[in-house]
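Just so it is clear, A, B and C label the chains in written order, and each chain counts residues from 1 on its own.
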Amino acid sequence: MKGLTHFMSGAAVASFFLPAVKMAGAEQIGGASSFILCLGGLFGIMPDTMDFKMGQFFTKSEYEIDPDPMDPDPQEMAEGLGKAIDQAYDTNQTVQAQMYPMRLGADLWRQYVINFDGKTNEVVIVINEIVTTSQVPILGSEPPPKKRVGRYKIKGDFNITHGRPSVVDIMSGPMYGFFKNEDGKMEIEFLPWHRTWSHSYVLGLFMSVPVWLIASLIAGWQIGWLYGLIAFLGFSVHLTEDLTGHMGGSLLWPFVKPRCNGLSLFRASNPHANFSIDYSAVVIILFNLNRFAPTPMFTLSPFKYFLYCLILPLAGYFAIVKIFGEKGKKKKAGVIAMEKALAREELEYEAEEHMAGDM
Amino acid sequence: MESWIEVLLYGLAGTLLGGFLFVVPSIHFLNFSGVIIALWGHYHGLFPIEEPLTLFAFFMGMVVSFGIMNTIPSMFLGAPDESAVFVVLPGAKYMLQGKGYEAAMLTGIGGLLGIFFLALFTPFFFFALPKLHIILGPHMHWILGLIIVYMLMSEWPKGTGKGETWWIKLKGAWANLFAGIATFGLSAFMGFLIFNRTMVPVSMGFQGLLPVFVGLFAVSSLISAILSKQKIPHQHISNDIDLDYKTMWKGWMPGCIGGTLAAYLPGVTGGIGGLIAGHACAQRDDRIFVMSQGVSKVVYYTGQFLLFFIPVTMFLKGSGLKRGGMAINLSPFYKPTLLQEYFFIFGIVVMAACISFLLLSFNSKWIIKLIAKVPYQKLSYASLAIVVIMVFFMPAMIDGAINGETMLSGLQVILIMCVSTCLGLIPIFYHCRRSNCMAVIIVPICISMAGYGPPLVNFLGLG
Amino acid sequence: MAEEKSFEDREKMSGEGAYDAEKPFGSNSGLEAPLKPIDQADLSEESGLREFPEETLCPSCGRFVGAYEKCPYCGAELKKRMSLILWKRIAVFGTLLGLGIMWFAATRMNPTEIQIGEIGETYNNAQVTIQGVVISRRLDEDKGSISLVIADKSGSIQARSFSALPKFKELGNIPEVGDLISTVGTIGVDAVYGTSLSLGLPHRLKILESPEPEEVKLSKIKRSSVNSKVIVTGMVKYPTRFGKATITDGVTDVIVLLDPRNLGEEIPEFATGDGIEVTGVVISGMEGYTIIPGNVEDVKAVEKVVVGIPKKKIKEITMADLGELVEVEGNVVSFKAFKKGGGAVTISDGTGRVEISPLFASLFDQIPDSHKLKVPGTRVKAKGTVGQFRNNLQVKPGAAANVTVIIPKKNK
């Protein structure tokens, strides 16, 4: 899920607590109101913050593939990645490889696609067009066919569970972790540093302890526990939401370190899923603020309230999306470009073979 | 003359004046309202006392035309320099591709859609918003706190992540983050100083934030434009726009959400509202972004002022809503109370929007011709001079005299502007979000609403 | 369209180093040579569009580095445009230095002292110092609010805080009516609520002087008494109505503000003719002078107030007596009921007739044996001020105590 979704969900969870809402309301005479509900949002966004703002920089990679943006060599890139996989195969240890983007200007990047072909057991790199930061390609700027595709056949076999190519263009490149599984096949871990230690319920518990202690020292022991609880719940809601995606998390780190798979219900960047959760969070917050107010503004039953304010509007929204939205799974433009390049390469290879046959 | 014709004419005057005035970079309707109010203090005939709605109609016309027209200076008269700017905004991208006119018209269409949204949501403003306000009113401080937390937490590292050691990687990545946090903190500190000590002449109290905002956003932008070496390419004036209904809808929705958030929440501006709405709707297309910015701006500026016209009888506590600088500046003069006044002003809004849209096309064309002949850096110099003169002479305009005292007051105001200019340059040169500068009002308002104002004020020695 | 144009342009520009993906395999020449960013990214036939300034490229490895001062790829130090480096430094140091100076100035400066009369619309949100006399005070313990009216020679202003009363109590600086104070506050100007001063800094309210009240005769109250604390004694002419009573010494009438919002609910009841001593601040208004007491202890009933109410025959009362206190006695001739209760009683003493009116329902119900007022022949004594209604003279009692139904004692 996107950061805002986790953030809103954390705040929504915090709003379920009557004492928290009362402390947050500006009704104390001569006193100050609490920001306890912000704690839910803060800890809701905390796991990804720890990963993307800190964790990734502490992760070492054995291989760094940093192509020259002026003259990218896809073959060299494929070999770099392939050697990392081979090393993992040979040593039976996890090997990590970091890919870097190719920046050409303030608003220009050279796009490339990484594909792990499970059928041919090859690492395939395809260099695409130059794109803007909005990922809009500048047509006609792709390299010549000779400089377009690179391949490397690995020693072992891939175990491809997702099979989706990775498009690398703007801002940053992915890190891969390669390791041999029990069947002797090579597993690929996308962003091995992401959703590991930071996405653990156990860590959430540990992080809520200092919150509890500090809050207790300031606000008193009788209420400090609530701050810690809200911090933990906000953190936990993030992890739970992330389980809806593909990647999952290391939910019981440090006791269970490997990352578990998610439920693969939808992609983390799915705009409709994110929007509906954001909207739901707002509706829930309003419901809780109203019912905990000294004089509730409306007295609709929870069933009616959620029917009129949540279910029906979302049903209408998804109906519009269903009727007018784009049908079918949409491939990324970069992947389509890659497929075209590979298809052309195939044709050229056949032409070459044909010519060689004629000769 | 019938009073309604008089009001209409004032609305038209405000629209036309704004339509040409806001083409000048860094002129904001709030700054200009200070000039008009100062002049009105000495020339009472400017607005008839017996028809106070004329004042509001005039300024509503200006507000609407600003929302639509200020695309032009930001689009054509300030190109991001390769050296100074790391992230190129979609509007500027269009301009660099020679499609600035198309982008301007996209935002104009967005503006009209924003007015359409305000029309559709009028029943909501009357019946649902007052009730919502009762629920949310006591919780405003932590809602602003959520916005503050999200603003800080949602800024991601812009560094390459390259380096031999983790420290070099971290340092490279955190440079812009640190700049963002520093900008936020320093802006908040400045806000506390300004809110708790009137550092401008007291007779200018209603424009106490003028030098701060002019420095943070206007002058710093002009300096950035002056320093820029970027040449503006030839701009193509197209007869049609690359737009379909789906894209319109996708741009309309986040713009409406962002603009409404910004209009209702105190201290939150269109930029911040747009940021949150953009994250909520998660769309990436440049066209969607440009259009949503157009919607968001108009909904924010116009909606904020329009809230002032909701009859107080709709509100349980009978005090109404006062949001935004324009409502605050004009509230000493008159408080609209009748339902008819709301609808009449809305009519002015619709008229102003239509005229401004047509003027947008007209102005874009001659501006394109102008910048082809005159480098925008020179135009920026001229705008800078206008803005500085306006700020310097504001105390004199209010007092109605140019003497030693008003000159000294003007200097005092300029010095404050210089400090805020330096602060406003930090996000430009250190590649963090400029919306962090809005901490100058959000944080003091948030802290004050929560009741922590007095202890903090005492702690800072401002008590 | 743009893409096609750019593609054609690229063909025009093609030569060594140009891309041409449409050409068959093997026919491109010189394609292995590395391309500069300008060639990779130039989309327009116009020169200068994508001319990256030299300082955006690393001199060592040639990669685009934008505004970095050290190349993140090869670590080379980069020369930047002097103006940019300078402005970056100015931005940081200017901000820190400027804010430091502003903070220093803010902590040292005192908000400007102004006269209340000079406050205009442009003063909205200005923090100022005001010095004046507290002429009214209202405290709400439940809400924690404090409201003062401060007056100086140029005008008066309401100063309030909605929640700082506990803080004021803690500091012990809640002023009394009549105190000369100096306070810092933020001006608020609103079309609905008028001009007010927000008391956001309780500790900045200083009581400069708590003058002792001066004993003054009502007739001696002059312009110079305005905003001063005085003690006056008089007789109640008009009892309390809508928070105001009028007292007189037979020569001068002065209004006394007996507002429960200021003094609480324990304000004693006064009837016409009662003696009263009031300690309060004198203010001047459209109705003449008004005395505002600070608390309920400042309003005392006193005896032996030397102002008599003349007992007159009805025929002796004329239009010239309008506003004067009189006492009359006579028999009920008629009673005219009001729609909402109460009524007007006409009495006669044999010399003439006069109406005792208005006896509103709330007043009528408090008169002992009031039902007998409807019975012709009932003996009634009334005192009040002479008034007129539709050119008919009236005696306005103003209080139930001023109307007495005289019931003859039955002989045993």
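Heads up, the rule we're going with is that a residue touches a chain if its C-beta (ideal position, glycine included) is under 8 Å from a C-beta of that chain, and two chains touch if they have at least 3 such contacts.
Owing to the predicted nature of the structure, the values given are computational and were not obtained by experimental measurement.
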**OP:** Return the chain label for which the distance between chain Cα mean and whole-protein Cα mean is smallest.
**Re:** B
**OP:** Identify the chain pair with more contacting C-beta pairs: B-C or A-B.
**Re:** B-C
Original post:
Any idea how many Å lie between the Cα centroids of chain A and chain C?
Top reply: 55
Subject >> Distance between chain centroids, defined by C-alpha means - chain A, chain B (Å) >> reply: 33
Original post:
Among the residues of chain B, which ones contact at least 2 other chains?
Top reply: 82, 85-86, 96, 160, 162, 451
Original post:
Residues of chain A touching 2+ other chains?
Top reply: 66, 103, 105-106
Subject >> Per-residue multi-chain contacts in chain C, two or more chains >> reply: 43, 52, 56, 66, 73, 163-164, 167
Original post:
Can you list the chain A residues touching chain B in their complex?
Top reply: 2-4, 7, 11, 24-28, 31-38, 41-42, 45, 49, 52-54, 56-58, 60, 66, 100, 103, 105-107, 132-136, 171-172, 269, 271, 274-275, 278, 286, 289-290, 293, 297-298, 324
Original post:
Of all residues in chain A, which touch chain C in the complex?
Top reply: 29-30, 66, 68-71, 103-106, 108, 110, 130, 138-147, 348, 351-352
Subject >> Residues of chain C that touch chain A when the two form their complex >> reply: 3, 6-7, 10, 19-21, 25, 28, 31-32, 34-37, 40-41, 43, 50, 52, 56, 62-64, 66, 73, 143-144, 163-167
**OP:** Sort out for me which residues of chain B touch chain C in the complex.
**Re:** 37-38, 41, 81-86, 96-99, 159-160, 162-163, 172, 186, 189-190, 193, 196-199, 202-208, 223, 227, 229, 231, 233-234, 312, 328-329, 331-335, 398, 415-416, 418-419, 421-423, 425-426, 428-431, 451, 453-454, 457-458, 460-463
Subject >> In the complex, chain B residues that touch chain A >> reply: 80, 82, 85-88, 90, 93, 96, 131-132, 134-136, 138-142, 145-146, 149-150, 153-154, 156-158, 160-162, 166, 169-170, 173-174, 177, 246, 249, 276, 279-286, 289, 449-452, 455
